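Below is a structure I'd like to ask you about.
The letters A, B, C and D name the chains in turn, as written, and every chain counts its residues from 1.
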Amino acid sequence: MAHFPTPPLDGHGPVDWSPEDQAEIAELMTHYPTKRSALLPILWMAQRKWGWLSFDVMRLVATTVDLPPSEVYSVATFYTMLKKQPTGKYLIQVCHTLSCKLAGAEQIVDHIKKKLGISEGETTPDGMFTLMRVECLASCGSAPMMQIDDDFHEQLTPDSIDAILDGLAQGQPLPSPRPEVDQWTFRSLES
Amino acid sequence: MPTVKINGIEVEVPAGTNMIEAAAKIGIEIPHYCYHPHLTVAGNCRMCLCDVEAGGRGPDIACNMQARDGLAIRTDTPRVKQMRKSVMEFLLKNHPLDCPICDQSGECRLQDYYMDYGQYESRLADPKVTKHKRQDIGDHLVLDAERCVACSRCVRFGDQITGTGELRLFNRTDHTEIGIFPGVRIDHDYQGNLADICPVGAITSKDFRFQKRVWYLTDTDSICTACATGCDIKVCHERNQVFRIKPRRNDAVNQSWMCDHGRMIWQDLTSLGRLLQARVEGQVGNTDAAMQTAVETLQGAEPGTVGVVLGTQASNEANWALWRLAKDALKGASVFWCQGNDPGAWDRVDDLLIDADKNPNTEGVRALTRHDASIGDGADLAHAVREGNLKTLLVLQDDVLGRLGDAADGVAVLYIGTHRNGTVDKAAVVLPAAHTVEQDATYTNRRGQVQRVRRAVHPAGDSRPAWQLLDRLGASLGKAPGASTAAIAFKKLSAQVPAFADMTYRALGTQGLPLVAPQPEAQTDQASQEHHEPAK
Amino acid sequence: MENHWAELIVVLIKCVFSLAFVMQIVPILIWAERKVSAYIQDRRGPNRAHIMGIRAAGLVHTLVDVVKLVVKEDIIPDHVEKGFWFAAPVIAMSVALTTFTVVPWGDSLLLPISVTSLWGGTAAMEIPLQVAQINGGMLFILAIGSLGVYGVMLAGWASNNKFSLLGGLRASAQMISYELAMGLSVAAMFMLYGTARLDQIAAQQAGPIWNWGIFGVLNSPSFDPLVLIGWVVGGLAFLLFWTSVFAETNRMPFDLPEGEAELVAGYHIEYSSLRFALFFMAEYAHMIVGSAVTATLFFGGYNIPFLDGAAIRAHSDLILMVLGFGGVPVSLAFAFIAWRRSKRPFYRALAKNDIRHREPRFFISMWTMSALSALGLGVVGALGLVGGTVLGPELLAFALQTGSLFIKVLFGTFFMIWVRWTLPRFRYDQLMDLGWRAMLPTAIGTIMLAGVWVIVREAVHAV
Amino acid sequence: MTLPVQRPRSFLERLFIPEILRGLYITLQHGLHNLFHQDQPTVEYPDMRRVMPDRYKGAHRLTTRPDGKVKCVACMCCAQVCPARCITIEAGEDADEPIEKYPVQFQIDMLRCIYCGYCVEACPKDAIRMDTGIYEINSFTRQDMIHDKAYMTDLMDGKKPLAEKFYRDQPDQAPAGFDGTQDRVVSVDDSRGL
């Protein structure tokens, strides 16, 4: 297994906040006792603004919150929701922590790899999908599962993955999380 | 003070002492990686897990258990052994096991504890996680992230000691990796400490890289003489060759740290300017002939025109020997001292360890001046020279001529020192002195701590400890100070100078002793200099 | 024999011959010593040196040894007593060679040469094949042989060295002790032979094998149980004499003068180069002379059993034929063996252009030529070309008798070598014990028994 | 000092002569056997050699990686374990390789080596071996007896053990004198008779 990918060193180039951003940051800072505490919201801001967190962006954030840049990088790498590299249109994050692993996360990852022809951390040539393997996404009850952008897709099978990815590839909107999952959960709780 | 019970043995420790220290006090070793006595407790290696018998619940980490009455822990139960074994297995899961090429092997905690608590049979089925190897993270450091056990000692060092915070743990779970932000290399003067505190081979020293397997090295306790701080060090040497210097714990002086400049003082042993042979009028010769010339010069000088200059670079013993020489053998010789012999261009000064005063023994000489009010200072010396009252000067490792300049033309200088400087070039006689790691002696640091240096290697070339050279000179002049060994010299020094009263080499031990506070009558002598603070 | 010049020339020739007889065996013995010891000890022995690829089973080593010993530095230590030190090896060697002068190596050579025209002598001179026909020939041997100890003793003393001196002392004591037994056993044989002349002793043993001295010189075809006394006398005398010869030559069980374990090398520590070689050769010369004397006293000397000189001369053609035709298959067999040896893996292991590949070819052709020569010899005999001539039978007799002695000497020396690699060395007290307490009484007893036997023999003859 | 050993001896034994003859008979047997059978265990050395057993400890060699660099990582395990202290290694850093450490200098003083093979046992990288089968380790100077890295790397070039196995498998192609069926002696003379 290759080591965790290092973010590309060639990032956005010199970046800076716009005046509106600075106003927003100033407002954010008021929510917290120290500047340092505003790190996560500011990282979210940066990701919204530049799409992903390059080293240039992280350096800017570090200056903003008055921390060593290494600490910003440390926080950014801790959270998988913070993107450390440019991604395709859809970011597929497959959970591979215990429950999902036992429920067959490896086969899910292999299936997606085979289907898209990419390996982990890579983006398809058409720029549609990026595949990543992440730690627990807190949906152990419906393992195996993956997250595409902000949405969960649970109790995956190769067929369901095919359906989802093919739909996305054909421009259909993301299917919403399956309501029956919730029903199933409630039923099992009742019984 | 609360009393805690460890393995059934009761021990009384100060409140707030953690269980690792408490156990160490009664000779029980609790294995640990992340705990360091001079860093905050992180509690993330889990190696120090102990069974709590009373005063707590379940297994707990010893580093974070503070002594309180009623606390009782056990470190010898099968469960503790099993926990340690499991922790070791976990820590070693992604370890590259490249001990053959790792500089840490031989002093590696992973190796040590593996032998004690190892799993021995691998259960590893998956391929190991690979990480970044051989990263250049500083001028003196190499980082191998694969060997790291994520103890975060280096992270805490950067945050708490130097405040620079270059190192961080990145990513999560078994991908956790120690590293620096790209382009932000470690650039402080305490890099070597990172290699020291790393319990495994993740951070190693570039200067010592592949130089020697550590088990060949012999450690000699000594102190650093690069500045007035006098950090306690271990000189690691083999076959008369020094390979590295590491700090030694002394809470009164340097805690566990030392600066990178101090780590390199052993390079002075063989540096270009090192005096290895005696010189007479610039001609290299043997020590006996130079000694003879010196004796003739001193005996031929008119009474009252001889002066000796104590050296703040030299040891207490050497300064005492020179002082006795001036008093006994050279009747009527005037004694001076001056400060400020700067050996190198190391202009970085901070409030942690690096002192602006580059003379390791300023306080020691000052203690002598407090005892003998007749000792003049640098201004007196300059005055005497300009007046022409001094025709012969015996200088102990002090660049007197470099400072006096042309004013000292015509003064015959007899110089005893380790390295070449402005005085050496003009001196009539030069006797080569041994470096600090080549001799037994004591130095007094900026806080008045008298500490020993011990001989680690043989003196290079013809050089000899300065106190020995002065003793021989005194013997030739008719009255030797009586410094046949450093211990005897120090014994006589402590008998004669109140500041060193009751000190012996045995009493100094490894940590040294502070100078005895000046007696009331001594205060009246040199009131002006008593509260002199060392320059920062 | 009126012309002394002719006599002198003949004697000189005989001297040279006897010298050559001894000296040619020495290198063979050195080689045999090495090879026999190797085979007894399951080794190969010397076989590396070669001349043009011919190794000749290690014989070349002996030649190389000679060259080595001659060209090596001759070290003369400062502390030696120069005169005696120089003389010692010469004494040792010359004594050994001198004793051989009284040993006959054939009955006589009748030369039909007229020297009248030259020096006015008689025609047809008869040359006894012995350098010196001395009346007390055996006594001469005892006398001169005793001088041999001077060589060793002087060497030991003049070397000025503790070990050498001890070696020399041991040699003296040992020789004195064993000379007694030797002399007494020889005396017993004198009583049987009635003479001390070696040529007469040898002549008495001509004819059938039971005429040999070891059987008590029976000289009678009739057999009687009393003959056993003669056998005991002859056997005992032989045993005593042969043992003494070992002691006199400093050979193995008695080589305490050298005793390298305790004396380094004994009397010849300080000698090097050719001086050492002289001692070395003297030892072998002693062996040869000892064997020759033993053969003469006890084993018929030059006589071939059942074939005395007259018989050889009478049937020379027949003998030549038998020898020649008999030699052909023997030579061919050796050629065959040489051919088989060429198939040894050793030769296969050699490089293609190695010079030693010619060795088997050389031996095959050599043995083939030898077979041809033997065939020619046989043909000469068959054609009767020799018997009719004047010189032919004489020369044949000379060759066969000398060859006979030669073979007996070789066997004796081989026996010495064989014993050397079989028996351990005596302790010095054991040596003295054996000499004085075992051999001396036995020798005296032997003399008594010899007297009895002489009387009995005369009685038997009378019957 | 001689200690008298009391051993009852028969008359014949005390006479010694029969015992001497018996001794002579024994040695003669050996002599004659060797005269007619050249089956001594002697190896006629420069021309014929033993094929050393696979585990024979000969001269040391340093094994190499496929790219030709020595496998040795200068861990000093061999130098540490060497009872004769004959191994000198100077470590260096190889900037190009994933294995950073390599021996700049690797010397074995063969004059001090006792061929115990501990270095081979200690090596974690299989970098040093004694499988060359070379026992002719000699030179005219002491300096030449110190084998260095280049020498030990090129010593066998990985050929010898392979060749030996090859010839064992294909005996008909083996050079003269090579006997793959026998581990020890190749030069037994198979000619019987003189």
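Following the convention adopted for this analysis, a residue touches a chain if its C-beta (ideal position, glycine included) is under 8 Å from a C-beta of that chain, and two chains touch if they have at least 3 such contacts.
Note that this is a predicted model, so its numbers are computed, not measured.
Pairs A-B and B-D differ in how many C-beta pairs touch across them, and the larger number is found at A-B. For this pair, subunit B with subunit D, the centres built from the Cα atoms lie 52 Å apart.
Note on chain placement: the centre of subunit B and the centre of subunit C lie 91 Å apart, centres being C-alpha means. Taking the mean of the C-alpha atoms as each chain's centre, subunit C and subunit D sit 46 Å apart. In subunit C, no residue reaches two or more other chains under the touch definition. All chain pairs that touch, listed by label, are A-B, B-D, C-D.
Note for the complex: subunit D touches subunit C at residues 2, 17, 20, 23-24, 26-28, 30-32, 34-35, 38, 40-42, 44, 47-48, 176-177, 186-191, 193-194.
Against subunit B, the residues of subunit A that register as touching in their complex are 1-4, 6, 9, 55, 58-59, 62, 67-74, 77-78, 80, 135.
Interface residues of subunit B facing subunit A in the complex, by the touch rule stated above, are 126-132, 164-173, 175, 177, 179-184.
Across the complex, subunit B is touched by residues 73-77, 80, 91-93, 98-101, 124-125 of subunit D. Every residue of subunit C that touches subunit D in the complex is listed here, in rising order: 36, 38-44, 47, 239, 334, 337, 340-341, 343-346, 348-350, 354, 418-419, 421-423, 427.
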